[in-house]
């Protein structure tokens, strides 16, 4: 590849700061006791796209039952890939887990068809909403409950409408909903599925501030009311950490930092690079950024 | 990281010009040039049978490339390519009959076919996807019907004679000589397509395919490019058909049916949609497949297996089945076509011994 | 693309580059926009905010020609463009990015950006196919140079040969911006350019947008939900709600508007409504 | 005399039209679930027809049972084909899958010729009266049977897609296999189901055409004939397929009328449907009842 | 030492219903020749090529034969491949025996009259050309009309697809029909594939035609016959040589009753003639049990192959088995009947200026009485299906009628 000014994604191996590496070591947290019997455990997985592109390089994480775990990281770090590896949707994109295990409720689930994984209780809210454009909202919601055979579907639909009253008014095709409305619908679908674990890929993307708050409140509520465990991928680290119990930070296909939400929130690097509280508590203005910023890298 | 970004170490481009070449690497270019040079010597080494297969690959390959421009690059499926191929053949035969020198007739036939293609491409302004595909099915039947009716043009159901290819009085119609004619056209047409795809209009075609809404807002006139794709595609089909006509010396409606159109589709899908060299690879595959199964069948006939199982006629059917089966298996294992596999192999070797 | 003189940038000019005159847009029974008017001055960085489904994207679509308003006029650069086809609008200087990525996913990043220059290029299928003969090569290379400037500016050198579809979300957004910039538009429309980005990337993106506005002299209309960004970099803000214009004005005064708080930011948020609000 | 001819042609058009409609539905079914146009549809008809023929002639099974077994066999056959051939292709480019169906058509065409020979074979006499008079038109009993069966099948499909859970799942799968899977829909099952039903319904059509014209490989051309009908109605509309079929049947017959009485053009009946197709698509790019793509940016 | 020939056959394509028995017969005959002394002791080595009725594949086979196998003759097949190869076989000087009997192949010099389009000096076939057969049927129709003593002008209509094969004899038959006082109606088109042809039949009925010529191959003819029977059309149908045979009669059932069509051999498989012994022996090559019923095309193909064999024998004795010599061998005899086929292969004559093997046409009528749900062999044995000879028409061998 041509050598050029390096962007945030592809850094030259030589630029690793040793000092950082040492600081890192100090930052590692002891795994909490709860993770002993997690609902979901991802153990040292390696994921390859198209047989040649290595994206995840030995990633491990644990999601304890009943918790909200946040997975943070920059663009292209492989967050979505991680979720897809768990839900099995990877293979529909020519991706493959070449090493490592994903265990859910003590059973190995990698290699299982995605629909069977859903039946086992893992539901992914995909990046970019992916609602079914040529169906109505109601039909989309009903499909969310596809794997269910009980007769509480109706009341759950009402519950979704309670969460997102706006959806009830939209009777047309879901494809014509605005971006935010589609996001609500996507989350609503997850509610309908009543899974044990929801994998959420950037639920706040494209939502207005008010709705972001609402959505996260609902996520919290889902977690508290229904006891759903949630693995949350988010760019909006501040909000994510405010609802999460535990957090992981990943870079270039690896976990570089993890800890309880509180610990992460008080970590200086996280503060600077994910929460935007460089140095002091005051947020920097977007207007006056220097062209040459220092970039924090853990790798 | 996309596979396309892989480039061997030490291959630094120092100017934009060097970076905008048709060939991804110097090696690829060497391969292609060497291939053409080697091909020049083919008539000295190969039997007429092999040569005729190569000629067939040549003219079908040109037409297939045209279809790939339409289907692979601009994303509009056509199931009527054979009639444009046929139109080129008839037009060239017609023009040559009227006294136009054959080389010129071939080119004019291409242009004439372009005009017809543009006409049948008009629905593309409004109709999309499979709906458009079936609209091209209409072109298939309407033109087929036209061929048998337009006696003045095609000789009606009798068909038309096509004059042999001569250039400045030299007769270039035997396999060993006509081979060079076809080779010349193949090189020119393939270079043309490669150039097109790296310049403005080619990019616009692909843009329309990938995301026509945003293409439009980037200033690309959808109607123009959708229709134009039909024109260009027909031009290639026309040239291919004209080459065919002067090779065989005769042109008839028979054989220009939907099965032939579907074979063209087979070529580009197997070769790889949206790949220029893939069109040629797919053509090679589709031309050689029946031959190869034929060899297999004749090798089998009379063999022990044959005697034990009393295959006899079964063998000919098994051969057809094998053709079908090969297509099926091929696509199951290589749904993105030969060109894709080729790219992966290249990527693999570049990264060797680090396979990831 | 030669860097424009600095004089073009900095403070917003006074002439209206774009005037939206009483636009309404209907989809069947739904009124996505009702009677919205506003003006965007030359050199201005104008933001549109509003709850989801308020009609922000629809407004951009009316400007860029994807939708034709049922009533009202769109005047750009003194010309009524209400019924102009989108590709013509691109040619007269309106570029845009999309809320849901709309890259040409199988093309390389370079080619994606080159498509942005479509209307600036002159070679056609004939000269293109001949390439070396008809001057197409020369032209392509000239424009390639300009594209490289954009690539440099947006820091995407390392992926210029990658197929756009394989990039990560954030990079794709940046490539989209590059493609719009390559168009050399007078007005650039950005639909949630920072959605799905982390802080660091938002900072980068904000810097690009500010640079485009200040140094390249482009007029910008931006839709964005990140209040921090909107407050910091825009000159003026308009709020849409249920297809209607709620308020329009300086960022600070808009933010202080109680209706805006209620409809958009959430009432309880008074404490966080300081510039740092809702920033990730 | 002329008006009598016209009337008869219209009746015939309607009867043949329903047959087109049924075959059209087979396309729609597979298309709805997988966005694949099955080019081997004609061969499905053929296999169904041969199976029934074989049961009737080699085993002397009464028609009703032979017919039923053939339909069930085709259901299984469709599912097996789907499992063996199409399952590995889930998630691959649609066009490759379409090409695979073309490969299948080549394969089965040859296989059928090998198994049953190249000659057309007649069905043994099935109905005690082989034709019925409808307003002066003599109609084959088999066509009447097909019209009846078709109408029943059509009604069933309409219900299926509108109300059943699986119908919804099928539509979701058609929209995006990835999304469907993420919702817990087994794309394999949906495909198996649609191919199974489609093949079974094809068998019905195949047997009817076989009874009327004898069974031979050429019967598979019926598959291509219904393309325009399906497109006319809208690829993803069951109702559209039926209407498209009826229109095509009528058009062919009316074209024949005008051609023979006035125009003397020759084979108008063969190409008029295609002219009509282009005109209708220019006015309604998604056929008469097809849903238009949602295009939002 | 062996003689190389090529053999194109269609077992899997659009004309496989007749292509299969025809091709089988060629293979059987060659095997039989080889087993019985060959061509003056030389074996015929035939390269069999099943081309599925696809021109490109025929083309490839041809190139292989001229380039690699150095064949001296080709047993070809359909209209499409034959027409496409006319120029090439002429150039390569390889006799080409086709299953296509288009009259345009009968003019070796080209332009014998203004209607003959081109020269085909190396094309041969056995049997009356499509045009002559059709003329014979017109003649028969005229006689029939007279015999029945019906008033007025009889009406003739050509039916078939607008394609080279069905159209080949159209002009000839219509011209002749006009000459004999027929009213010639507008042709009725129907495709080459089976389908619903009720509309065509209703039109036919309404047009009041008395004699209808079906130009297509069997598959679609069956559909028309059946549809017309249902519609109650009362017309005398004629079939092309490839349009009617025992299998088609079986498939069409009683709808095929009464169809008149040309048969190229003196007898059918059920008939008896001295030459039938040879035929049965040849048939045993692929059917050792000797029970198979062979349709008319089988016999015709055997004759075709045997003419080629005897021409080769002449060539062998007169300077070597080359394409040109084989062609010359074809010109050596008149009223030629291959040895051992007496009463089966009809006397034929080829000359350097006229490749019409014969202008005498045997017309048969297919008789079907009863259900046809048994094997053809049984049906013929039980008399449910019969092919009765109805007339032998001798057409004048005029140059004006050659080549179209």
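Per-chain residue numbering starts at 1, and chain names A, B, C, D and E are given in the order in which the chains are listed.
As a working rule, a contact is a pair of C-beta atoms (placed from the backbone, for glycine too) under 8 Å apart; a residue touches a chain by one contact, two chains touch by 3 or more.
Not measured: the values here are computed from a predicted model.
**Q** To reach chain D from chain B by way of touching chains, what is the minimum number of steps?
**A** 1
**Q** Expressed in steps between touching chains, what is the minimal separation of chain C and chain E?
**A** Tracing touching chains, the least step count from chain C to chain E comes to 2.
**Q** If you average the Cα atoms of each chain, whose average lands nearest the overall Cα average?
**A** When every chain is reduced to its C-alpha mean, the one closest to the whole-protein mean is B.
**Q** Could you find the chain whose CA centre sits the greatest distance from that of chain A?
**A** E
**Q** Quick check: more C-beta contact pairs at A-D or at B-C?
**A** Counting C-beta pairs in contact, B-C comes out ahead.
**Q** Just give me the whole-number Å value for how far the CA centre of chain A lies from that of chain E.
**A** Computed value for the inter-centroid distance: 74 Å.
**Q** For chain B versus chain C, what separation do you get between their C-alpha means, in angstrom?
**A** About 41 Å, centre to centre.
**Q** Report the inter-chain centroid distance for chain D and chain E in whole angstrom, where each centroid is the mean of the CA atoms.
**A** Their C-alpha centroids are separated by 35 Å.
**Q** Taking each chain's centre as the mean of its CA atoms, how far is chain A from chain C in angstrom?
**A** Here the centre of chain C sits 28 Å away from the centre of chain A.
**Q** Scan chain A for residues touching two or more other chains and write them down.
**A** Residue numbers touching two or more other chains: 1-2, 10, 53, 176.
**Q** Spell out, as numbers or ranges, the residues of chain B touching 2 or more other chains.
**A** Within chain B, residues 1-2, 5, 7, 145, 149, 213-214, 217, 313, 317, 319-320 contact more than one other chain.
**Q** For chain E, jot down the residues that touch at least 2 other chains.
**A** Correct list: 11-12, 20, 162.
**Q** Show which residues of chain C lie in contact with chain A when the two form their complex.
**A** Touching chain A: residues 27-28, 30, 49-54, 57, 99-100, 152, 155-159, 166-171, 192, 195-204, 206-207, 210, 225, 227-229, 232-233, 263-266, 269, 275-280 of chain C.
**Q** If you look only at chain B, which of its residues touch chain C in the complex?
**A** So the residues of chain B in touch with chain C come to 1-2, 4-5, 7, 16-17, 19-20, 192-193, 195-196, 198-204, 206-207, 209-211, 213-222, 228, 232, 274.
**Q** Give the list of chain D residues in touch with chain E in this complex.
**A** Within the complex, chain D contacts chain E at residues 1-2, 5, 8-9, 12, 16, 19, 57, 109-110, 113, 117-125, 130-131, 137-140, 209, 212-214, 216-219, 221-222, 225, 252-253, 256-257, 260, 264, 266-267, 269-270.
**Q** In the complex formed with chain B, which residues of chain C make contact?
**A** Listed in rising order, the residues are 64-66, 85-87, 89-91, 95-96, 98, 102-108, 111, 114-116, 118-119, 121-125, 127-132, 136-137, 140-141, 144-145, 148, 159, 161-163, 166, 179, 183.
**Q** Of all residues in chain A, which touch chain D in the complex?
**A** Within the complex, chain A touches chain D at residues 87-89, 91-93, 113-116, 118-119, 123-124, 126, 130, 132-135, 139, 142-144, 146-147, 173, 175-176, 189, 193.
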